[in-house]
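Two complexes come next, and they have one chain in common, subunit A, joined by subunit B in the first and subunit C in the second.
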Partner chain A sequence: MLFRERYEHELRLVRGSQAWVVAGLAGALLLALPFLVKGYLVYNMTLFLVYALVALSLSVLVGLTGQVSLGHAGFLAAGAYVFVLATQHGLPYLLAVLAAVLVSAVLGVVIGVPSLRLEGPYLAIATLGFGLAVQQILTNWRLVGASRGTLVDRPVILGIDFYGDRAYYYLVLALAGFVTWMLFNLERSHVGRAFRATRDADLAAQMSGIGLARYKTLAFVISAAVAGLAGALYGPLVGYITPEGFNLLLSIKFLLMTVVGGLGFLPGALLGAGFITGLDLVLSTFRSWSQLTFGAVVIAVMMLEPAGLYGRWLKIKQFWKSWPL
Partner chain B sequence: MSGLDQLAQALVSGASMGSVYALVALGLVLLYRTTRILNFAHGDLGVAGTFVAYTLLTQLRLPFGLAFPLALVAAAVIGMLVYLLLVRPAKNQTELGLLILTLGLALALGGLDALVFGTDNKLVPTVVADRIIRFGGVSLSLVSIVTSLLGVVLMLALWALLSFTKLGVAMRAVAQREDVAEAMGLPVRTVLMATWAAAAVLAAAAALLFAPTTLLNPNMMLDPLSKGFVAAVIGGMNSLPGAVVGAYILGVLELLVGLYVSLEFKASFAFLVVVIVLVLRPHGLLGRADVKRV
Partner chain C sequence: MTNDLLALENVSLSFRGLTALSDVSLGIAPGEVVAVIGPNGAGKTSLFNVVCGFYRPRSGTVRWRGADITGKAPHMVARLGIGRSFQNIELFKSLTCLDNLLLGRHLHVKSNVFSAMLSTRGWVRDEVAQRRRAEELMDLLDLQAYRDQRVGALPYGVQKLIEVARALAAEPTLLLLDEPAAGMTVEEKDDMMVTLLRLRRELDLTMLVVEHDLRVVSRLADRVVVLDHGVKIADGPPGAVQDDPAVVRAYLGSTKLAPQAAGPEVAP
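Up next is the complex of A and B:
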């Protein structure tokens, strides 16, 4: 079911039997993997889940609404630091996560409203500036340890200790899975369609009664909130956060995940997050060549496949479906 | 040192930083208004040119007057190669796709530099031996004065290229309307290649002038590049005079903030300026909005 022929196709969460099989397999794999692989890989799997959340949030903003952000590490940092401050003040885990999400969402409004008037390169540079500014403010802010960074503990919820890598993985999987499901639902709702309408033809969308300001800001808020949640999950995962960790390169990697995975497709963001995280992991073994190879792979994907990995997958599917025509 | 002398000194060093920012911003704007590419590999193109100069200066012991032009030529060749081998054949020709392509190129070039030359800091010989010149109560570094002057000379050269040569006029024509320029018989591909070369030369010149201030390493241009973007956006992404104005405003303001407000927040100040300018003028100080036809 590549082309959505009827309105009902548009409304479905999972489109077609094949997609059910893929989704089911992926879910089963994510549930079973921690018991199949070694310890440090569980850590990297959790990292993948966190990055996938950011990639999804960026996919909503860049892919669905067409607003570029080169500063998503800023939202991630905001989420992580708010989470740390909240837990240091004795808030229970879930409330601290909620606080991180709320503060990031507010930051999303702060960035989103001025961004309404910006487009193209201006928006890219403004968001890039936001990411760098967050990093520099944190570097000089003594309350959160300034450039030395700060320790983050893994939580204990209702007497269950999530200190172990495997236990924490399942906690992240539960939260990330829930939010992923919500974002996929958002995409097929009237809000998701409004996002895509503003991306494709903002004037026409406005003529059809879609409030541009409202939906563009909403996209920023949702994106920032999800990235903030990812930050709250990221802090306890790595155990020690420094402002240096939320640098421009991380923002760039998030953008790479969405675009390399396939811009405008939420499954593409998941694919891209997996691809980039995996590439990082593989390349870390040959240190001095890693950056060059990373860049070369990105160039190759952009030169060969405009629609990204997911776009290529759709093309292959289409080819076999209509074969031999 | 009196307050006034301090101010004068800040203004001169600010102008010298402003020259570097202006060269970076000019390269970015020159490329953006012609090709719609927000070039994130700009800094790394410059660093590549500086590494060529460094090799010529230290290995072959060429004089500065010879090494500097040769490095610029090398940068021009790299720029042309980037256009011919990467940008032109790329299948993803959207604005965002090309932006990502330059991000990948930046990573690859940085990785290549690190692989060939190492990541340690290298001292690049300067044009003139640095001396402190006292001018009344103000002490100025000779290198920063020469940097500002060389920057201005290069900007004038670019202005002359765009105003008085056939190639320059063709570049402006392609920037205005690529399809019409092609219909009029202009060799658009050659002109675009020349634009890439000119942008790379500007990047290399900026990096060469900036190198004595810091030390040469693969990540040297990260800060000037982000400031160059800020300057270009303040001035307006499609206005060359805007880029220069934005760069000098940024260079001087930054030092004044460091002097009078807070040294710690000097670096983040640039991005506050961007937000303020863009809220008031979404297309920069001198930029014009693209006309959209429906």
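Up next is the complex of A and C:
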């Protein structure tokens, strides 16, 4: 049993030797895997990192504040296209990424503020409309290739070429890792608490001095910004983006990741992103049966563990804590 | 009075045709404990909601230290130093007792989002300071046993106490308690009353309390205000108000009942 002697100990993201082992193993695996697996798997692992970012962003919005979004592919698209435009105008890589993040954040305000009065299914429909609108706008916008799409180059930063799958993987890992760390910090901070408060009891949240409009919009902005960053990383990864690629199905897939992983827990979003990306990869060899199997597996997971993968992990941890008593 | 902490001046509130409050005036001096009583639907909770800014009165003003705060948003009212517990438990159910109290301290947090996300030293210092105060409050109210438990799963009486604790965590100047002992067993009620009396003594609180139980009211309050159908019908020390004919009429009706022998009914 772990004894906490200082309040600072409780603020640590990783607490106890067991957690350090898990975090250490995961870190080592992420760092070492590109050298252990085949080339195309490195591509898929990068895709996992990008999807994990979107799942995390959605987890902040849906899991913490309870605002459902069915339009996150829209933010991903916004990030990807702003990145392309920025690089076409000669912006250096990191500034182009920053532009993608900022524009997506602004879109977050644009969607978040009118959505303040919407809840549950109504908000889901509004965000769904946003996703479709983004797709529609991009399809008709000549500047970015319209429906034919556009090529996206991988960057060269300070003379280092990130063209190779492995090199690009580490670039994405660094950026995604940093942002993941920031989001985990956010979750355990007073802001994360306030997000949950608006979800659980909005009257009491207001009497605790929490402005509902401010925090609900803030959640939208943070979520959109992170999804935008994911978009900026996604474009160069796939190399060629079309409006068609950012469809409703993708938005639903992101939502699926957060729910299967465990709603309300950020680590759950990581597990969910891993699970869904992995499942996609495995099923891509099945061809005609892949859709059906995908659906069946997801239904089975949700039936066996409604709290998601992370919820199951918490139960297992609880069990072993008191074992063998 | 000008030195009142909180003053309501001729406040009227109505929903469509229904009058919830009609021309209610009320002042609370610093350090005073005022109880609001009245039959169901008398407008007690509406009164609280007007003070907190959840409802905007049709006419009249709410003053805080002399300044007009009518219609201010609830989270701004909270920041002025007005804390509140709710009649139907409004806890953050999926969070722990500690998190609930920390949320009570939310308005004392000075760090911003960025320092929180980057976990700066300033944020850590701020957070630790809030935790220290929350722990002190848990010690004061004997809540340490429930520290890391989700409040949704705790017994009713404990939840009610955590509500009071969360309101106190903000260190309010004025505490509004909406039926802190409602639905409790006699023992829980006694505990709550002792706690409130102790808090009043130790924290020098000004309180406005809605409560039905006259036994609780007479021990706790300096003054009792009686509402009936949105109208203030009495205002004075507990003893005097209890014997007021208008109050008796509001609670029992105007028809004089013949004194009946309350013998046990004999089943055939």
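The criterion applied here is as follows: the second predicted complex is superposed on the first by the 312 of 325 C-alpha atoms of A that agree within 3 Å, B and C clash if a C-alpha of one lies under 4 Å from a C-alpha of the other, contacts with A are read in each partner's own complex, and residues count from 1 in each chain.
In this section, a residue touches a chain if its C-beta (ideal position, glycine included) is under 8 Å from a C-beta of that chain, and two chains touch if they have at least 3 such contacts.
The structure presented is a predicted model; accordingly, all values stated were derived computationally and were not measured.
Overlaying the two complexes via subunit A leaves subunit B and subunit C side by side, clear of any clash.
In the overlay built on the shared chain, the residue A:G90 is in contact with neither subunit B nor subunit C. In the superposed pair of complexes, A:V191 makes contact with subunit C only, with no contact to subunit B. In the overlay built on the shared chain, the residue A:G120 is in contact with subunit B alone; subunit C does not reach it. An angle of 80 degrees, to the nearest 10, separates subunit B from subunit C at the C-alpha centre of subunit A in the overlay.
Subunit A has more of its residues touched by B than by the other of subunit B and subunit C. Looking at the shared chain after the overlay, A:L203 reaches both subunit B and subunit C.
When the two complexes are overlaid on their common chain A, residue A:G129 makes contact with subunit B while staying clear of subunit C. By the touch criterion defined above, A:M302 reaches subunit B but does not reach subunit C.
Once both complexes are placed on a shared chain A, the shortest Cα to Cα gap between subunit B and subunit C comes to 5 Å.
Shared interface residues of subunit A, touching subunit B in one complex and subunit C in the other, are 203-204. Partner subunit A is touched in their complex by these residues of subunit C: 52, 54, 73-75, 77-79, 83-84, 86, 90-95, 99, 102-104, 106-107, 109, 111, 113, 116-119, 123-124, 127-128, 130-132, 135, 166-167, 170.
By the touch criterion stated above, subunit A contacts subunit C in their complex at residues 7-8, 10-11, 182-183, 185-186, 189-191, 193-194, 196-197, 200-201, 203-212, 218, 222, 264. Across the complex, subunit B meets subunit A through its residues 32, 38, 40, 86, 89-97, 99-101, 103-112, 114-115, 222, 226, 229-230, 232-233, 237, 264-265, 267-268, 270-272, 274-275, 278-279, 282-284, 292, 294.
Chain contact summary for the complex, subunit A toward subunit B: residues 62, 68, 114, 117-122, 124-126, 128-130, 132-133, 136-137, 140, 203-204, 248, 252, 255-256, 259-260, 263, 288-299, 302-306.
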